[in-house]
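Data first, discussion second: the structure below is written as structure tokens.
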């Protein structure tokens, strides 16, 4: 039991070191500002995506409907 | 065949009794009004749900776009 | 290699013929105008579909929310 | 040249047999019914495509190592696919109309008469020279009268795998033909006055009743008909997930992505059983004929039962709703509504027909359990 | 008459054993907890239903050829289902709070003390007459203290498949009971002043750190604890897919449709292990008791560790957040937040508790790897 | 102490071999390409992660009983995963541009020249000391020139499972490198005037033609090239589901959830084949070199074919669109569009390049069928 618990602690303590190391390196090497990583471009490209039209049309229709009724 | 058809009838007739029994008990023991069973709270809780933001943002963007064009 | 490449060409050339044939027949036999093939009716019917209400409600709520904030 | 010879030998042209050509035409016919005629396209499109694929010489789709072989063994040989479909259908089904008016269960029972009549018919067909049906075959064919695709596939996979393709095609075809088969029978057995009968509005059913209902159905099936529990159990699981209201994630997945994936593969696997040696025989004509008869009888007994109930019951019952007892959800209920509207344009029977309609699903699952218990 | 006899013999009534009846009541009890009490319904509903199905006489759900038999063998016998759940959970987990304050990992470690205390406890229970646990059994039981369902199922499937049903039910039940078990312990071990401690706001974590984190965790697990890599690896894969930002399609599927499908079948398969011969024995009471003890100890050691850290650290640490180290994401973190608000209505600890909370998931996966290495 | 020794022996540190370390670096490299460089991340991220997992000492991911072992056997050993991907891609593909201008099929044919040139190249590489490729190996390597990932995986799983990891990585890497590999070749083989050629607008294609097209493709494949029907058949099924318009439920699932789930596992399984003993050999360099050559040749023959067609055809054809014939949908078509815009900022070639682009998919599937027929 002591061995087991000890290993858990040693392991997670090492991980603390690792996270601190990552944070340290991260501060040293500033992330290059990449304009192509904007939220809009983060979608994975995929062949002939066509699922954009439908929801937009549905939303437009819903808005239209909503306006008529309110 | 007669046996088979008979069993179907017996079984489903028993079920009529069961449903009536449920309805009877249901009337006797009124459902306690549970405020935490409102429609909004019926969603199952799940770890770190984050799928709410995206559609709302998409809808807001769509509305914005729509307004500009109309 | 020559055999392989040749078969690819022969096969796809035959397919050109097939597509042209389809187009030809398609022009000869005009598609009967089927009013029940309108976009709205193209959805496959399915037992007790209930997924229509939710998104519309969500959109309406989003619109309402959006209007309040803008 | 030798290479060209190898390639020629590897074309299908050098190996086609007449039976395969005919079966591919059958496949194309099913695709036509699915796409142009919109006959149960969710199933008939994959079934038709599977029939095309399985009859290609040399491609080996349905031989060991082929895609359709795996799909069939894993999905249908084990009975898993129809059960998953049933779970999804359960998650789509609203028993409210049935709970509000439980006597409609009798209509769901009466319409199963078509199943047992067909059973006798199939056994009698043995007297026709050239037709041979074992008791198991007969039971599997009879279930076509249940008008429920997954139930038919499940029972056929257990009792008569060789007839599975034919039985599934017959079941789904006749389900699609409900708007053509049922109305004449419904009109022949009812008077215009009966067809105009208005039914009392259904009471509101509480959420608690809807939660307890699938559990009660499961419990009774467990007690009295355990052989029906695979089908009824998965159906009730789906319905419980829907009504419980605490696992909407699971319920939505069961009635959307999961059932869609299974439907694609179920269809392909069923189609893979449409091979010439199993389909192009006299038995197939017998099966198709029996299926039509079963539907007709089920419709008739449903309507007649409703007439009897109308006579002896306080509340009015429009006899048309009995026709919905064959299941074929929701098509049969819509047909009832339509025929009702022809008699009285202000009489909407749809909600009243939903009760017998979902009762019919239970009824045919129960009948399948009885057949399994009797002949297996 | 003979047919009626066959049908009677085919009812369950003629074959029920007392154990099966009791187990079906257990199944109904689990359904009650899931639906009415909303105890971890996503798992307990399918588990309860599976328990109903598996105890039906004659239906053979869990025998060779039955649906639950296949699902168990394919999904749990191989360990695949818990790993897929872990991938989905990884794709739902935000490690931001932990990366911002990595010392919280110590709390995730301390709370695993419950696991190892339970291990000793289970071994000691062998001295109680009538109870017999092997070392493997003891390790599988101990993991209940990890408060992480998939980890418990994964370890139990490897070390003690016979106890799997009981262990899974105990794990999920206690996870659901966190709001009842934890607060008294938390309050007993802390003073009102400690409970009011405010913690410094967490720094913003860059996207790059979030991408590198799962890779670093995987790398360290690979280097030091390869037996933990199945669990940790799939968790990190899910998290990497989420944070990478280039495979959102895959990440969304992993945390929605895929995890939902797997959850349904995982629950059914776990429930199928709730048979009378495996559940209705003295050991089950021992397991349930040990599970409760493990939770209590883990909560206590988490809080105590946080007190120690608060004493020796520059930055203030509210000892309550230590209780979140048991995992049970996100319930334990919410409990911390609630108890904190009782002490100071303006002190929101939720974000601070998320760090130890997700650290607890890693901690129990690591502990599972250690147990696998030690006893396998 | 003994326990500590057990734990030390159970760390990977005590067991790492150099090859495994190198392969894990390869895996990290693939993750870098996927996440930072956005090279085909949907596949390269899971492949890279799979490479990490499979090279962990002791974890046994790819040994009997390990997750990746099951996934590989079930998904790739049977050929099921690439076929499901193909079905999903079919459901995403719009053949409108190709039906409107069917001569573009010739460009899809010409670009497959890279495949057959590579086949010769791979056989010739046997003369390089240290390299040994059988005819089956050579055919599997050659398909990299088809620029179509699932086709390459399918063929490699049938002909050269040992090379599968390398071939898949090469195929997807070069597909991602299309924007770098193709433009110089396209510019070298065309004059500025040719690159400015405008093409006539495409006619509108009716829904009926789009429905018949996949059936016609399937029929011709069945007749002339049955060995290509697994790939072409599933592709046509997906496309038919999309165009039929009556099974949108199924089509949406095929192109979303189903393809996503399969992509995750396909990637992991492919990655699991990136083990040191199979990757770290001279052959790998040969394969990578041949893959690059195949892409370059395919691009060149596509462009040259387009030049010839432009010369002898009434309608103007911009030779650039020939480069899209390699497939790599939709990347190659986008590259064509971009290079075209550089020559004339008002000349949008995207729609015109989609024809040869999807023709290239058919072309490489056909080529795969020919290779299967010739060498198997």
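When the chains are written out, they are named A, B, C, D, E and F in that same order, and each has its own residue count from 1.
Heads up, the rule we're going with is that a residue touches a chain if its C-beta (ideal position, glycine included) is under 8 Å from a C-beta of that chain, and two chains touch if they have at least 3 such contacts.
Remember, predicted model here, so these are calculated numbers, not experimental data.
Asker: Moving only between chains that touch, what is the shortest number of steps from chain C to chain E?
Answerer: 2
Asker: Where centres are the averaged C-alpha coordinates, which chain has the largest centre distance to chain F?
Answerer: Computed centres place B farthest from chain F.
Asker: If you average the CA coordinates per chain, which chain's centre is most distant from that of chain A?
Answerer: So the chain farthest away from chain A turns out to be D.
Asker: Distance-wise, how many Å sit between the C-alpha centres of chain C and chain D, to the nearest whole number?
Answerer: The mean C-alpha positions of chain C and chain D differ by 28 Å.
Asker: Using mean C-alpha positions as chain centres, tell me how far chain A is from chain B in Å, no decimals.
Answerer: Averaging C-alpha atoms per chain gives centres 32 Å apart.
Asker: Counting only Cα atoms for the centres, state how far chain A is from chain D in Å.
Answerer: Going by mean C-alpha positions, chain A sits 45 Å from chain D.
Asker: Which residues belonging to chain F are in contact with no fewer than two other chains?
Answerer: Where chain F meets two or more other chains at a single residue, that happens at 3, 7, 41-42, 224-225, 245-247, 249, 252, 256-257, 370, 374.
Asker: Give the residues of chain B touching no fewer than two other chains, as numbers and ranges.
Answerer: 3, 7, 44, 46, 59, 63 - these are the residues of chain B that touch more than one other chain.
Asker: Which stretch or stretches of chain E touch chain F in the complex?
Answerer: On the chain E side, the touching residues are 78-80, 83, 211, 215, 218, 222-227, 229-230, 233-234, 237, 240-241, 244-247, 249-250, 252-254, 257-258, 370, 373-374.
Asker: Chain F touches which residues of chain D in the complex?
Answerer: Counting only chain D, the residues touching chain F are 3, 6-7, 10-13, 24, 28, 31, 34-35, 38, 41-42, 45-46, 49, 52-53, 56-59, 61, 65-67, 70, 256-257, 260-261, 263-264, 268.
Asker: Hey, which residues of chain F end up touching chain C in the complex?
Answerer: By the definition above, chain F touches chain C via 98-99, 102-103, 105-106, 108-110, 112-113, 115-117, 119-120, 206-209, 212-213, 216-217, 220, 224-225, 245-249, 359, 362-363, 366-367, 370-371, 374.
Asker: Any idea which chain C residues touch chain F in the complex?
Answerer: Going through chain C, the ones touching chain F are 1, 3-5, 7-9, 11-16, 18-20, 22-23, 26, 31, 37, 42-44, 46.
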